[in-house]
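The structure appears below as structure tokens.
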Amino acid sequence: MNVTDRRRLLGPSNAKSANIPETRTSSPSKRSEDEIRKMFLKTGLVGNANGSAYLEVDDTIIEVSVFGPRPIKGSFIDRASFSVECKFLPHIPQPNEETFKNQSGSASNVRTGLTTVEQKLSSYIETAFLHSIILEKYPKSTIDVFVTIISADTTSSSNKSLLNLCNWVSNCTSLALVDSGIEVKDMVTSGQVSLNKSTNKILMDPDYSNNYSEDDSVDCVCSYMNMLNDVVVGFWIDGNQDDLDEQTMQKLFENCNGMSKKIRSNFNSYLRGTIE
Amino acid sequence: MILSPAERSYLYDSLIQKPPIRPDSRSGHQFRPLEAKTAFLPSSNGSARIRLMDGSECIVSVKAKVVLKSQESSLIECDIDVSGNRDDSNFVSILKFNLTNLLCQNFPMDVLQLTSKYSYKLFIDCLVISHTSYPLTLLSLATYLALKTTRLPLLVSDVDDSEVEEQPTFSDDWDKSKYLKEMVSSNSKFQPPIFITLGVVGDNLLFDPSTEEEQVLENGLILSWYNNKVITPISNINLASNSNNSNFKGMDPILISKSLALLKKYCGEIVDALDGIIEHDDATEGGIF
Amino acid sequence: MSVISITRPTNVYDDEPSDIEMSDVEESGELKKESAGESIVTPGELVTDDPVWMKGHGTYFLHDQTYSSVAGSVSRVNRLLSVIPLRGRYQAETGDHVVGRITEVGPKRWKVDIGCKQDAVLMLGSVNLPGGVLRRKSESDELQMRNFLKEGDLLNAEVQSIFSNGSASLHTRSLKYGKLRNGIFLKVPSSLVVKSKNHSYNLPGNVSVIVGVNGYVWLSKSKQGASSTTSATTNKAQAAFDSSSSGYNPGQGSVSITRLEEESSWEIYSDKNESISNSVRHTITRYYNVIKALAFGELGITEQRIIMGYEASLAYEDVGSLIDKEAMESICQDVINSEKMRG
């Protein structure tokens, strides 16, 4: 009996199920300790900004737009004024926000200005880039950098993921500034490492989301200008360290510098690629 | 504050000498003289007031509240008010971030424990009445004094309340109250962490830079000191907090290592001086300035 | 040397040496001794009910009676009655030698902060410009005013006149006025500056000071005598270099005889310091601390006292210790003592 079901639209009788590869339950690819996570870069995405950059590393997604140099009204200044504003998208959890949120604040749902965490991030970027930009070239103007954090890894309850975010934001800002054509002395690139105190092992660009034991480590983010004698333009050391000695510090800086150089060479080849 | 080019270059050339020639001839590791008074706010658990000769002044008050441990993420909350600056400005937020970060990471929280359910929570209110140079050191020293003179009422109810529904009760007698420093276990000393700001010019590191010096610094450092050790967080900062300092630049990592040695050498004295003030401060004597 | 000194606050009204002798407040406020040359009044206090007095600054007039509107000392000059505030902002008077900082460059004028209620005005026509003292101001001068003086620059000047709204007009039409170089700036309360014929002094140790009537003080290395020709020529070369960097090239490279005057006058707007030895820098810091100490002790600041304070400070090997309260008090005491000895 060949009774066809007329009420429904049926697929062809010789249909096969589509061959969708099984989604791999992201097995954390074993990185070696001095390997940086893979990143995705793109510059010039934001049309109405003078320069912009987009960066993805695992769960961290950052977009930076540079506006300027723009003329200012009012009193004369002989160097451009430089400002940075970092913002998380409104519903993105911020690293370690529990500690810094103002519990006494009544209207917590209404966001007026930046949160304390955002301010700290902004201020790190501003300090790190202040020396790099040749502000003397742009009198009576402002250069404004707007950073949007679209997604961030916030699994760590301490400041560590904030340090990692600082690292990627500063790297991304560097690209955006180059894209804007604003004159800089050198590109600023950063590195972030974590030193485990018990094993005395350095982990480069640590991934805090993957069962990372964080109790016993000291973390450092450090920004360099690699072509100018590797000077430190910004750094922040945080973590559970009760006695910081010179050796530890040196070790942290050396490894941050190594990471910043790797990023720098990546950036260089990316920038060359965009020109060609 | 804006200086003329001639002033800037004179100041910079003086500070870069070895040893540096600071405008008031202080040596590199010398603080400006301070005046301090502790325990002067009658309705606070602990308080301190500290001021510089130029009128910079800061008041810190510590108040304690009994909270359910399960409902609090942090047992210390700082609030900072700087006169002349908006509360949501970058300047105030960064001060708040730094102080909160320092205290939350390095405060012996076990002294605040009351029972298995309840604990004290400290509210640290800081008021910067007036300031010329970056006020973080001043704030942190005042916080140190206030925390050291913080007294908490004596718990009279049972420590173990995991089984019973009971709120903690306290002794009415204020004389029986205990200082925070008496509540730490006997083998360790109660010493809240402090921040030290350093200015960087050439190879010189300057303690407690004045506002004029801040305008020509090449960089600034914030270091923390706790229990006779340099601890984290450590970071760099633009102390002039504006972008018109043309001298601002990067620094050699060696200098940062050097700053650690400098702190180890001199911070002991700073803490001793602070402790000296607490020891000799008599609440009944003298006005509050 | 100590790292830090923390002291307990002392009562401010302890017996500190003070220039101003507080006269005892009369029991009854009504009984004002009009014969007294100077007395202290507070705001709202009746100064006189005699209508013959002319009402000056710091007073107000209500129901035929004159009241004080500030806290200060009563001054009676002929028929003019005024109250001079003990503290408060500097009030400019014609002829005052002041130190000021440029706050704004406007059309044909600069705004100058001299610590007054309002910024003073310095007209383009009231300064010496390169190319001869008596030449006319041209449009090109107007366009490059920022090359002469810009925001933040310090200068010393004389108050030329006072406008009806109380703001001052300055001039720098003398070689002793103009831009300040080779030193550091500090502020003292203007009430402590004692007016005198001259406000710029050469002090022992190759240091000069300008004590502006407005309480702004400039300490600098003394100018070399005009006899040293070598330094003069290097200065010219320096000035030519500076002016080229600021965008204006008056005969750059070729120092012709006709340009000489023009270039030498560009020097007065140079931003470059001379080379200053460390010993002079140290002496400047010593004077800096001495003046701060005098201000701390509320002593009037005169050339004599600065020098006496300097001599007293020589007892302190380490100049950095002069910032301590005891040291400052002892210097003030020394100054007062040596003044008493001289009579």
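Each chain gets a letter, A, B and C, in the order it is written, and its residues are counted from 1.
Methods note: a contact is a pair of C-beta atoms (placed from the backbone, for glycine too) under 8 Å apart; a residue touches a chain by one contact, two chains touch by 3 or more.
According to UniProt, the chain labels map to these proteins: A = Exosome complex component Mtr3p; B = Ribosomal RNA-processing protein 42; C = Exosome complex component Rrp4p.
Quantities reported herein were computed from a predicted structural model and do not represent experimental measurements.
Across A-C and A-B, the chain pair carrying more C-beta contacts is A-B. Note: the chain lying farthest from subunit B is C, by mean C-alpha position. Chain B has the Cα centre that lies closest to the mean of all protein Cα atoms in view.
Distance between chain centres (mean CA atoms), subunit B to subunit C: 37 Å.
Between the Cα centres of subunit A and subunit C there is a gap of 51 Å. Centre to centre, using the average C-alpha position, subunit A and subunit B are separated by 30 Å. Touching of two or more other chains is recorded for residues 77 of subunit A.
Residues of subunit B in contact with two or more other chains: none. For subunit C, the set of residues that touch two or more other chains comprises 151. Residue ranges on subunit C touching subunit A, taken from their complex, read 104-105, 146, 150-151. Put simply, subunit C touches subunit B in their complex at residues 1-12, 101, 151-154, 179-186, 271-273, 276, 278, 281-282, 285-286, 288-289, 292, 296, 318-320, 322-325.
Against subunit C, the residues of subunit A that register as touching in their complex are 75-78. Those residues of subunit B lying in contact with subunit A across their complex are 73-74, 77, 79, 88-90, 93-94, 96-97, 100-101, 104-105, 226-227, 229-238, 242-244, 246, 248-253, 256-257, 260-261. Across the complex, subunit B meets subunit C through its residues 2-7, 9-11, 13-14, 17, 21-27, 29-37, 50-51, 53, 207, 212, 266, 269-270, 273-274, 276-277, 280-281, 286-289.
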